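The following pair of complexes shares a single chain, subunit A, combined with subunit B in the former and subunit C in the latter.
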Partner chain A sequence: MIEVDSVSKTFGALKAIDGLSLKVEDGTFCTLVGPSGCGKSTLLRMINAMIAPDTGRISLRGADIATLPPDQLRRGIGYVIQSVGLFPHWTVADNILTVPRLLRWPKEKCAKRLDEIVALTEVDPAWLSRYPRQLSGGQQQRIGVARALAGDPDIILMDEPFSALDPPSRASLQAAMRRIHAQSKKTIIFVTHDIDEALKLGTQIVLLNKGRIAQTGTPQEILARPKDEFVETFIGGTAPRLRLLDFEPVSTRMRPETNVQAPPIFADASLKDALNLMLSESCAMLAVQDRDGRRVGTLTVADLIEAPHGS
Partner chain B sequence: MLLVLGIAGGLTLVFGGFLDMSPNRLASGIALTAFSLSPTACAAIAAPLAAFILLAFVSNEKARSIATLLAAALLLYACLATAGLLAKHLASPDKPALRLSLGSAFWIPLACALFAFLDAMQRLQFGLVARVGFFALLCLPFAFMAYVGFFDALSLAKEFENHQAVFVQALVDHVLLVVLSLAIALLVAIPIIFAVRQKSGLQNLVYASLGVIQAVPSIALFGLLIAPLSALVLHVPALAQFGIGGTGRTPAIIALVLYALLPLVRNGVTGLDAVSPDVRDAAKGLGFTAGERALKVDLPLALPALLSGMRVVTVQAIGLAAVAALIGAGGLGTFVFQGIGQYALNLVLVGAIPIILLALGTDLGFQLLLSVARGQA
Partner chain C sequence: MEAEAQSPGARAAHWPFFLLLTVFLAAVFLMPSTAPLFHWLFPDLLRPVYTRASFFELTVAHCELVFASTAVAAFIGIGTALYVTRQSGKEFLPLVSALAAIGQTFPPVAVLALAIPLLGYGAAPTLVALVLYSTLPILEATIAGLYAVPGSARDAALGLGFSPAGLLWRIELPLAAPFIFAGLRNATIINIGTATIGSSVGALSLGSPILEGLSASNPAYVIEGAIVVSLLAVVVDRAFETLEQALN
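This part shows the complex of A and B:
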């Protein structure tokens, strides 16, 4: 568990982090989101002791980080820095193996880990013998992510790791991160200024504004009940009501009738998929089936707008 | 460029003395022009020089550069062969004291050939390895000629032979002096570099004080060190057991170290400044200790700049070490000062030529190292 307890950090006259408290349970995919300059990077860098808080304390796995040797602390935390910062004098393979080598893993273990990471982050094996300057910005970012994961840390801090990627690469790396999270139950803190990305990846969203938490909760909570005007405007661009449909399966809204003929949809599909199907089939009603193809109910446009009584 | 080389070489060939003949080692001799000695030899040297002048008007750069390389090689060996043959011809066993020194009509065309080589190789964009290989190829016949005694009649060779035993010792001393002071300078410079980077206020102070040292003429600095060191040894006699004294190697090494510090520190700081802050930040964030950061990130990334500082310093130290002979530090400078003292210019050359070759070779070596270091970073 990561615990941030009434932490403040001032740069000159600027309060970058202002009495902030936050709890991130083990296995959480926490996305830190907020406008530029709101203190996301500062908060992230306080967690691996790159920046010392002025007041308050931060504990990791129950231990106050101020009492731990910073180098050892950092070796146990994966870190993707915002500006990538690959080592220009090392090959891509050497860059990826930075932390395993700091941890003095035996050679065979390093080689095995390299293969795993290359597969996991979809790094082209042809890049391994190249130097970072021979890669594009997006390719370098991918290596930055691979480097952060290589030491198999249980906590991973990522500072806008996909900002320079094209949409397909970004989507594939997002999927990879979700896969890694689901399989390993690592605790991930992921900084982004893209609310869409935050909602897509996070199991816990932390919305920051001017060094304070504007709201924290699951994506559904944030979308359904924005706490104040700031949150509302910040999530406004994402069509929050449409977005919510993403998180709810058809089964929660369907009515029990099974006799009407209509295009079929699975009960565990999302409401968004259902709406999309209605729009593309130009119909106001769908026949709901379970995975074995048995008819279990019916979904109408009206059910999307308001859940039917008695369901 | 070629035009100037051709004309300059031609003029000295016509008007300058090719060989200086003197009845003994110390008397001043009479200059003999190449033409008066042997018109054929003169023509052999003049032909490549004329070729330079003609080549200056060839517009195809590649063809011209290749032809220049050939002409320069011909010029080089025409000079060498003429010098060896003529000296053999003039020398006679019944006049063993007779001295034959090479004059301006030998040295200037030789220098012209070297300049032409460098220029043509630059234009042909020879890589470093190609350059080294070409020079090695060029020097091979010369080494063979020297080995079989082709140049024995020249007094330069005689001086060399006379001093052969001491020569090796002097060469070793010279190299040792340079290597030792360079190693010490590095050990001193590295902490200064890190200190300067930690405290930016320190930079001006350090640069200013090291700059003052650079401004002191080398002879003066060697001299200035004698008094305090003598006093030190007087008070702490134990030091004398380690060979430390007011004269000899100690002051020479101290002076060379002092001269080396500014270029080393300046280049080191520039090199470290060039390491991107992102890379340093990443290293810290991934859990490098301060020592690992310095050794595995800062040092390799600053290495090219540091190496180019060492290149300057080493070449400079090879020259300065010659002056150190004045305060009894030994080395090749000994011949130079002996030669000056005895007005035996050939003896000066016995010291000076190896110093120049040493400097050139070191420079080339550092260039090689640099290209390797740059290729990695």
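This part shows the complex of A and C:
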């Protein structure tokens, strides 16, 4: 567990982080989101001791990070910095293997890990012998992500890791991060200023404003119950009610009737898929089936608007 | 001195290194046999070729002065630059940078004159003057090189768990190396020129024929010394360039 306890950090006259407390349980995919300058990078960099808090403490698995040797601590935490920061005099392969080599992994293990990471992050093997300056900004960013994951850390800090990627590459790396998270149950803290990306990836969303937490919770909680006007405005552009349909399966809203004929949908599909199917089939009703194809109920457009009684 | 030594180097840069080396060695070893030439140029001179020491001896002594002083200067210059760019020495950086900039406008002859009362005559004051003078370009180049290391690379290195020493050896120094190398090259060429002045305080160097030629009104000696020194500068400069290309 990562525990941030009443932490403040002031730069000159500016309070970048203002008495902030936060708990991130093991295995959480935590997305830190907020407007530019709200303190996301500062908070992230305090977790790997790159910035020391003025007051308060940060602990990792119960140990105050100020008491741990910083290089040991950081070798166990994957880190993608906002400005990418590949080493210009090292090849892409050497860049990726930075942490495994700092950890003195044997040669064969490094080679094996390189293959795994290349596959996982969809790095073109032809890039491996190139130098960073020979890659585009988006390609460099992908290597930055590969480098952060290479040492197989339990905690991964990512500072706007996909900001320079084109939409298809971004989607595929987002999917890769989700896969990594689902398979390994790593703790990921992911900074983005894109609320859409935050909602898509996060199991816990932390909305930051002026160095304080405006709201934290699951995507559903944030979408369904924005705490104040700031949160409301921030999520406003995402069509929050529509977005919420993404998180709820058809089974929670269906009625038990099984005799009406209608286009079929699976009970574990999301309400958003259901709405989309209704729109594309131009019908107000769907026949709900389980995965074996057995009819289990009916969903009407009215049920999308308001949950039927007794379900 | 620097400009004089470098401009022929730059012009001849495309000459293959070994051709230049051959010309230089020929000048060193075949100087005695040029007597008829200098006799024809300066018919009034009794001894048209400098013979108090062989040009080989002079060249070796000259190179010893240059090598020793540049090595010490590199040690001091790089060491100081590293110190003032670390956390612990940061407060001295403005002072040291200013000193390095101002120090290079100070004429080497003046340094030499100031060193004599302390160290007497001979190679010692010459070495001190050369070290003092050539430390500055190395110092300046090393600081510039360390400053040219991208902040993001430094940041990433620390963030991924490099120790301060690891950061220095594996990221900062390799990235600053081209600058440091340029500083060493500059300092060496400056020293090759400046070492000639050492002969005015009794150090043996390729300046010996030049100074004796000046005091005894023997222009042939001056020309002979000057030719060998310039060729030495060109050859060494070219050697640095070749090495630089090999390292890239």
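Some notes on this structure:
We adopt the following convention: the second predicted complex is superposed on the first by the 311 of 311 C-alpha atoms of A that agree within 3 Å, B and C clash if a C-alpha of one lies under 4 Å from a C-alpha of the other, contacts with A are read in each partner's own complex, and residues count from 1 in each chain.
Operating definition for what follows: a residue touches a chain if its C-beta (ideal position, glycine included) is under 8 Å from a C-beta of that chain, and two chains touch if they have at least 3 such contacts.
This is a predicted model, so every value here is computed, not measured.
Clashing of subunit B with subunit C is the outcome of superposition onto subunit A.
Of the two partner chains placed around the shared chain by superposition, neither subunit B nor subunit C is touched by A:29.
Applying the stated contact rule after C-alpha superposition, one finds that A:89 touches each of subunit B and subunit C. Applying the stated contact rule after C-alpha superposition, one finds that A:147 touches each of subunit B and subunit C. Subunit A residues 45, 48, 50, 71-76, 79, 81, 83-89, 98-99, 102, 147-148 lie at the interface with subunit B in one structure and with subunit C in the other.
Across the interface of their complex, subunit A is touched by residues 150-163, 166, 171, 174-175 of subunit C. Residues 45, 48, 50, 71-76, 79, 81, 83-89, 98-99, 102, 147-148 of subunit A touch subunit B in their complex. By the touch criterion stated above, subunit B contacts subunit A in their complex at residues 276, 278-289, 292, 297, 300-301, 376-377. Listing the residues of subunit A that touch subunit C in their complex gives 45, 48, 50, 71-76, 79, 81, 83-89, 98-99, 102, 144, 147-148.
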